[in-house]
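What follows is a pair of complexes built around chain A, which joins chain B in one and chain C in the other.
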Partner chain A sequence: MNDGLNDDLNDQLNGSLADNLKAELEKNLRHECDSVNSNTAAAEPEVTNDRTSTTTTTLTLDATTEPAIGSTTNAVSATANAGSHASHTASHARPISARRRLVKLWGQRCLPYLLTLPAFLLVMGFIVYPIGNTFLRSFRDGKTQRFTWDNYRYFFIDPLQRDNFAFTLRIVVATVALAMVLGYGLALYLHFSPSWVSRWLRSLTVVPRFVPGLVATYSLIMVIRDAGVLNRLSRLWGGNFKPGLMYHESGIILMNLWYNIPFVTLIMLASLSALKPASIEAATDIGAGKLLILAKVVLPNTFKEILIATTFIFMGNVGSFTTPFLIGGNHPKMLGIALFDQFNNYVNYERTAALSVIMFLICSLSASFYIVNNLRQRQ
Partner chain B sequence: MKHLSPRRIFYTFGKKYVIDSLIFIVFFLFFFGPLLNTAMLIFAERYQAPHLLPTRFGLQWWCYILGQPELLQVMLNSLLIALIATSISLVICLPAAYAVARLQFKGKSFFLFSFLLTNAFPKIGLYTAIGILFYRFHLMGTLTGVVIIHVLNMLLFMIWIPSGAFQKIRIQQEEAARDVGAGPLRTFLSITMPIALPGIAVAAMFSFLGSLEEAQGTLLVGFPEVKTMATSMYGMILDYPPMAGAVFSVLLLIPTVIILLVCRKLFGKGILSGGIMM
Partner chain C sequence: MTEIKVRINHISKVYENGDGIRDIDLEIRNGEILTLLGPSGCGKSTILRCLGGFQGVDSGHILIDGQDVTELPANKRPTSMVFQSYNLWDHMTVYENLAFGLKLRKMAKSKIREKITAMLQLLRMPEVVKKYPSQLSGGQQQRIAIGRSLLLEPSVLLLDEPYSALDAKIRQQMREELKRIQRETGVTVAFVTHDQEEAMALSDRIVVMDKGSIAQIDTPQNIYENPINRYTASFIGEMNFLDQGLDVQAFRPEDATLSAEHGDFLARIDHVSSAGHYGIITLTYQEQPLKIFVDKVALAQYQPHQQVYVTVNKAKTYGAPALTAGKSGA
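Then we have the complex of A and B:
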C-alpha cells in the first residue's frame, strides 16, 4: 500500500501476478502428471465426495495429460470452459454426480455475477439511469414534452451564461497550470534535494488531503478577506492593503491551489520514486545539464502521472461547488453554482439537465484520456 | 541590526540552507498559516479589525455553539449517516471487489468502466440528475436519499482499494487452505479476510471521513430536512461571526483526527499513504 501510486496502480490494475501464478501452477501440474501422481486430483478443491474423488482420479489417470491439466487449473481459477469438458466426460461414468458437478459449475460461473450484482444494480439505478434520464430530458421542452434544442441554445446565447462559461474555463485552466507547475516543482525539490526540509515537507504535504473542504475554505477566507489577516498585517506597517481576493476569481484559484498542489506533489513523488537513479546518472555521465535531464529523462518517464493529475484536477474543478459558493461573487459564477441555481432557485429541470450534460462533455474530453489509460493498464 | 542583513545571513549559512528555509517558510505559511489562524480564533472572544491578535481571549463562543440544542442533533445525524453509509457500502462493495480481483467474468471491463464513469461525470451534475429522480420517488429531504448519495460517493473507493488488497494475497495461500479441506466460505473468512483487512480498513476509514465532510450532495438532496455538520458549516461561514465558524471547524475536525490516529495506531504508519492517491 505504501509503495505509492505507481506500484499501487500497477499491482491493482494488471493481474499479471495472477497470470504468473497460473503459469507456475500449470508447470507444476504438468510435472506431477508426468510422474503419474494420483495427488493431482487432490489439488482440485471442489471435490468433497469420496466417490467423486475416486472417479476424477481414474479419469485423470486415464485421460491424456492435456485435458487433465486444463480441468485442474480451471477449477482453481474458477473458469469453467475446460471444466465443463471434464464434467461432460464424467457424465458418461456417473450421471448423478455429473448433475451435482453441473450445479456446482453453474454456481461457479454465476458467482462473479452474484457478487457484483448489488454494486452493479446500484450503479445502474442511481448513476447510469439518472444520467440517461438527464440526457433525454435536456432535449425536451418543459411544457410540451417535445424535442427541442432550446435548453442548450439558452446557455450558448444568454450573455450571463456565456460569461459563466468563460469564467469557469479561465479558473480551471489557471488552476491546472499553476498547480501542475508548482506541485511538480515541489515534488522535484523534495525528491532530489535531501535535507531536513524535504523530510518535513514530505509528511506535511499529506495533511491538506485530510482537512475537510469547508474548514480549509473558512480558514483561507479568514486570511484573505478585506478585514482578514493579510490586511491586519499590512496595518502593522502603517499600510492598508486590501487583497481584493474575495468574490473574485483569484480567490477561487488560490483556494484550488491550496487543495491541488499537495495532490500533484504526492502523485509526482510516487512517480519520481519509480524513476531509476541510474538513468539520471547515465545522462549526467554523457554530459547532460540539469534542464536537459529534466526534459529528456524525468518528464517523459513521469508523463503518465502528469496526465492523470491534470485530468483529475481538471474534472474536479469544472464541477466545483463549495469554493465558488463561499468565495465566488454573484456574477460571473462558476458552472457548479449556475447549475445549483437552475435546480434550486429557478427549478428549471430541463435547463439543469442541459447544463449538466454540457459540463459532462467538457469533463469527458479530459476523462477519456484517463479512462483509456486506466483500462489499458488493467488488461 | 547589522547581523540581520539578508546578505550576511546568506553568506553565513550558505545558499542551500537559505533556499531550503525559504521554501519551508513559504510552504508552511501558505498551507498551515490559515489553519493556525483558525486554531487561534477558537479561543478568541473579541477579534476586531485593526488587531492582528484577538483583544480578549475566552471560551464564550464554545458556550454559544455548544449551547444550541440543534447542534447535538446535527452531530448525531452526521455520525449516523456516515456509519450507515459505510456499512452499506462495505456489504455491497466487498463482494464486488473480490470478484474484480480474483474471478474472470464477461463484462468485467464494462463493470469497471461504469465505476469510472461515476467519477467522470461532474459530481454536482450527478447530484442534480439524482435529485430530479428523488423528487419523483419522494426521497428528497429524507435520510434514505442522503444515505444513497453518500454510498454512491464511496463506491469507487470501496471497490478499488479492497480489490487491490485482495489481488496482493498469494493465491497459493487460499489453495493451501482448500487443500486441507476448508470450504470456500471458511477459506475466505479465515485466510483471505485477515490478510486483506488493512486495505479494507483504509477504504472504510476514508469512506467514513468522506461521508462526514460531504456537503454539496447533502445540501442539494437533504437540506433543510436532513442537516449534517458539513451543511451547517455553510450557514456558519456565511451568517455567523468568525469565531463561531472557527469553533465549528474544530468540531468538524475532531472526528477526523480521532479516526486517523486510531487507524494509524492499529495498522501502522504506512497505511495512510496508500489511500491518499484516490
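Then we have the complex of A and C:
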C-alpha cells in the first residue's frame, strides 16, 4: 500500500508541478558548490544579452543559498528571475547530491502519513474514542462508577423494554422480508420485460433516493392518517374509511418499504445485468421452465447481492429513527426511539451506552453473517 | 439416399433495424456438419436461433424429423444449442452442469452417472468432473458445453460461433475434436461461423450467407472451385479479380503461373515473400493488384520491379460490377 502510494506521489512530483521546483533545487545546490570558488565566474559565461537580469538572478540566489533546499518560496523567487537560466540548468548534469537524496527520501516517507493524518485523527477522535468510551460506560454504575451488569439487565428484564425489542425485531424482519420479495420481483420484471411500462417504472425506482426522508414521511402521513387523503377520498363516496396505519407498526413498515423496495430493486438490477443471457437460454434449451430457471440459475447467481441487500436493510432499520418517531406510537417503541428517550428524557447515559452496545451487537450479528457467507463463496 | 433431418421452408425474420433473414430455404441432412458462413449481420445466427426456438419467425415453417416445430418454444424442441460463451452455469460443478438436463428428464441417478462418465470419456476429459467452470480453460468449457448438449441426444446440435472466443491454436484443436465427436456419435450439426477457414476445415457442406439470403450452398471443395458469384468468390479463400470492362475475370493465386518469356500478359512484380512451403508474389497489372503463389524453389528468380508474363490456367468470369446474389441448391 505505502509503496504504491509513494510511487504515485513520486510520479506526480516528477511530473508537472515538481519540474520547476526540482530544476530550481538543482540550480541552488550547484550554486552552493560554486560559491566556494567565485560566483561571478560561474555566472559570467551564461550572460548572453541581458546583463542586468543575470546579475539580479545571481544576487537572489546568493542571498538564499543556505536555506534554499526544499524551500518553495525561494524556488518561486528564483523562477521569477530565472529567465535565461532555464538553459543553464538543463545543460549541466551533475550527480545527485547526498543531501538532495535525503530530502527526497524524507518527502517520500512522510508525505503519505501527513496526508492520511487528518482522516486518521478524525476517525480516532470522533469514532473510535466515543465507541470505546460508550463500551466502558455501559458497564459502569452512574453514581458509584463501579463495574455493573445492571444497565444491560434492565433492558432484558424490564417488560416495557422487552416489548420494544420484540416490536423492533418484528418490524425489521417484516421490512426485510417484504422489501426483498417485492423488490426482487420488481427487479425481475424490469430486467426481463422489454415493455415501455417496464422502462418507465425503471426510471421511477430512483425517485425515492431524491426525496428527503422527512418530506417523504410527512407526505405519507398526510395520505394514511385517519383524517388523511384516503379518508377524504372515501368520504366522497359516502364512506368513512380509516386506514388505522398511524401509530401502528404497519404504518412504519409501509414507510420502510418506500425506501427499501427501490434499494433492493437497484441492487438486484445490477446483479441481474451481470447474468449472461446465454446462461438462461442454455437452461431453457435443456428444457427447464421459468420457475426452475429462477430457482436453479437466477437465484444462485444473484445470491451474493441478495445477502448484501438483506444485511443492509436489516442494519439500516434496526437503528431507524425518523419513521418510528413520526409514525410510531407511544408504546411499544422501536429501539432508536428508546435510545433517544434514555438519552434525552431520562438522561441516563449508562443505560444509553448499554442500549447502544446492544444495538451494535444486533447489527454486527447480521454483518458477520454476511461476511462469513461472503468468505465461504470466495473459497 | 440421404435422409433429410431438418427442412427449413421459406422462413423470414426481419428485425426492426432491417437486419434479419428473408425467404430462407434450406435442408440439413442426417449426420452432416452444415456450416452457416458469412460476415456479421448476414443473418447466419438468426437462422440458428430460429432453429433452436430462441427466435420466432415472421413466416415460413421449420420441420425437424418431419415434425413441424415452428410454434414450439426452445425447451420443447429436439435441438440443443451451444452458445459463443458463458454456456456453463458457474455455480454448478461440471457434473451438476451435465446432470441438470438429465434430471429434468427424470432419469435415474445411477443412469445419469453412467451417461456422464461415458460422455466425459468421449470428450477425453474425465478428470474434470468435480471442478467448477471457472477452473477450466475456455476450450474445456466449450467441450463440456457440447457434452451437455449431446447428453440430451438432440436431433440437431446447434453451435453458434462456439470457438470464436478461443485463440487460434485451441480453435484448430477444437475443430478436430468436434469432427471426431461427430463421427463417433453421428449427430447432425449446424454450425455458425464467420471464419471461412473454420468452415472449410469442418463442414460437409457450407451455406454462404449474404445480407440475409443464401448466396451458395455446396461442399467446401465445390465452393472453393466454383464460387457462384463474385461475393462467394471473394469470401472464400483468396481470389484475384481482373476488371475487364463488362466482365470480371477471377482466378485463385495458385491457378496462375509466371514466366520470363511468354504468357497471357505482362505484369510488374511489387513484392516477393516466402510463406514457408511456398512463395507469394504480388504484382501490378493495369493498376490492379494481383497475388500469385509460386513454388519455393522458383522464388529466387523473381525480384521486385521485374516484368514477367502471367498465365492464367483456370479462371471464372463474373458480370461486373453488380453482385447478383443468386441461389443454388447443392
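One rule holds for everything that comes next: the second predicted complex is superposed on the first by the 260 of 379 C-alpha atoms of A that agree within 3 Å, B and C clash if a C-alpha of one lies under 4 Å from a C-alpha of the other, contacts with A are read in each partner's own complex, and residues count from 1 in each chain.
Following the convention adopted for this analysis, a contact is a pair of C-beta atoms (placed from the backbone, for glycine too) under 8 Å apart; a residue touches a chain by one contact, two chains touch by 3 or more.
Everything numeric in this text was worked out from a predicted model, so none of it was measured.
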Looking at A:A177, would you say it contacts chain B, chain C, both, or neither? Reply first, second, both or neither.
neither
Examine A:M315 and indicate which partner it touches, taking first as chain B and second as chain C; both and neither are also allowed.
first
Tell me which of chain B and chain C touches more residues of chain A.
B
Which of the two partners, first being chain B and second being chain C, lies in contact with A:A295: first, second, both, or neither?
neither
Output check: A:A166 vs chain B and chain C. Expected answer is one of first, second, both, neither. What do you get?
neither
Quick one: classify A:L365 as touching chain B (first), chain C (second), both or neither.
neither
Name the contact category of A:S279: first (chain B only), second (chain C only), both, or neither.
second
Between chain B (first) and chain C (second), which does A:P212 come into contact with in this model arrangement: first, second, both, or neither?
first
May I ask you to decide whether A:G287 touches chain B, chain C, both, or neither, giving the answer as first, second, both or neither?
second
Once the two structures are fitted together, what part of chain A is touched by chain B and by chain C alike?
none
Would you tell me which residues of chain A are touching chain C in their complex?
276, 278-279, 281-289, 292, 296-297, 300-301, 303
Chain A residues touching chain B in their complex are 1-2, 4-5, 8, 11-12, 15, 17-18, 21, 42-43, 45, 76-79, 111-116, 118-120, 122-124, 126-131, 133-134, 137, 186, 189, 193, 195-198, 200-201, 204, 206-223, 227, 229, 231-233, 235-236, 258, 262, 266-267, 270, 315, 318-319, 321-322, 325-326, 336, 339-340, 342-344, 349, 352-353, 355-357, 359-360, 363-364, 367, 370-371, 374-375, 378-379
State the interface residues of chain C toward chain A in the complex, per the touch definition above.
52, 54, 73-76, 79-81, 83-91, 100-101, 104-105, 145, 148-149, 152
Partner chain A, residues of chain B touching it in the complex
16, 20-21, 23-24, 27-28, 30-35, 37-38, 41, 49-52, 91-93, 95-96, 98-100, 102-105, 108-109, 111-126, 128-133, 148, 151-152, 155, 159-160, 163-165, 167-168, 170-172, 175, 178-179, 184, 198-199, 202, 209, 212-213, 215-216, 220, 230, 233-234, 236-238, 242, 245-246, 249, 252-253, 256, 260, 269-277
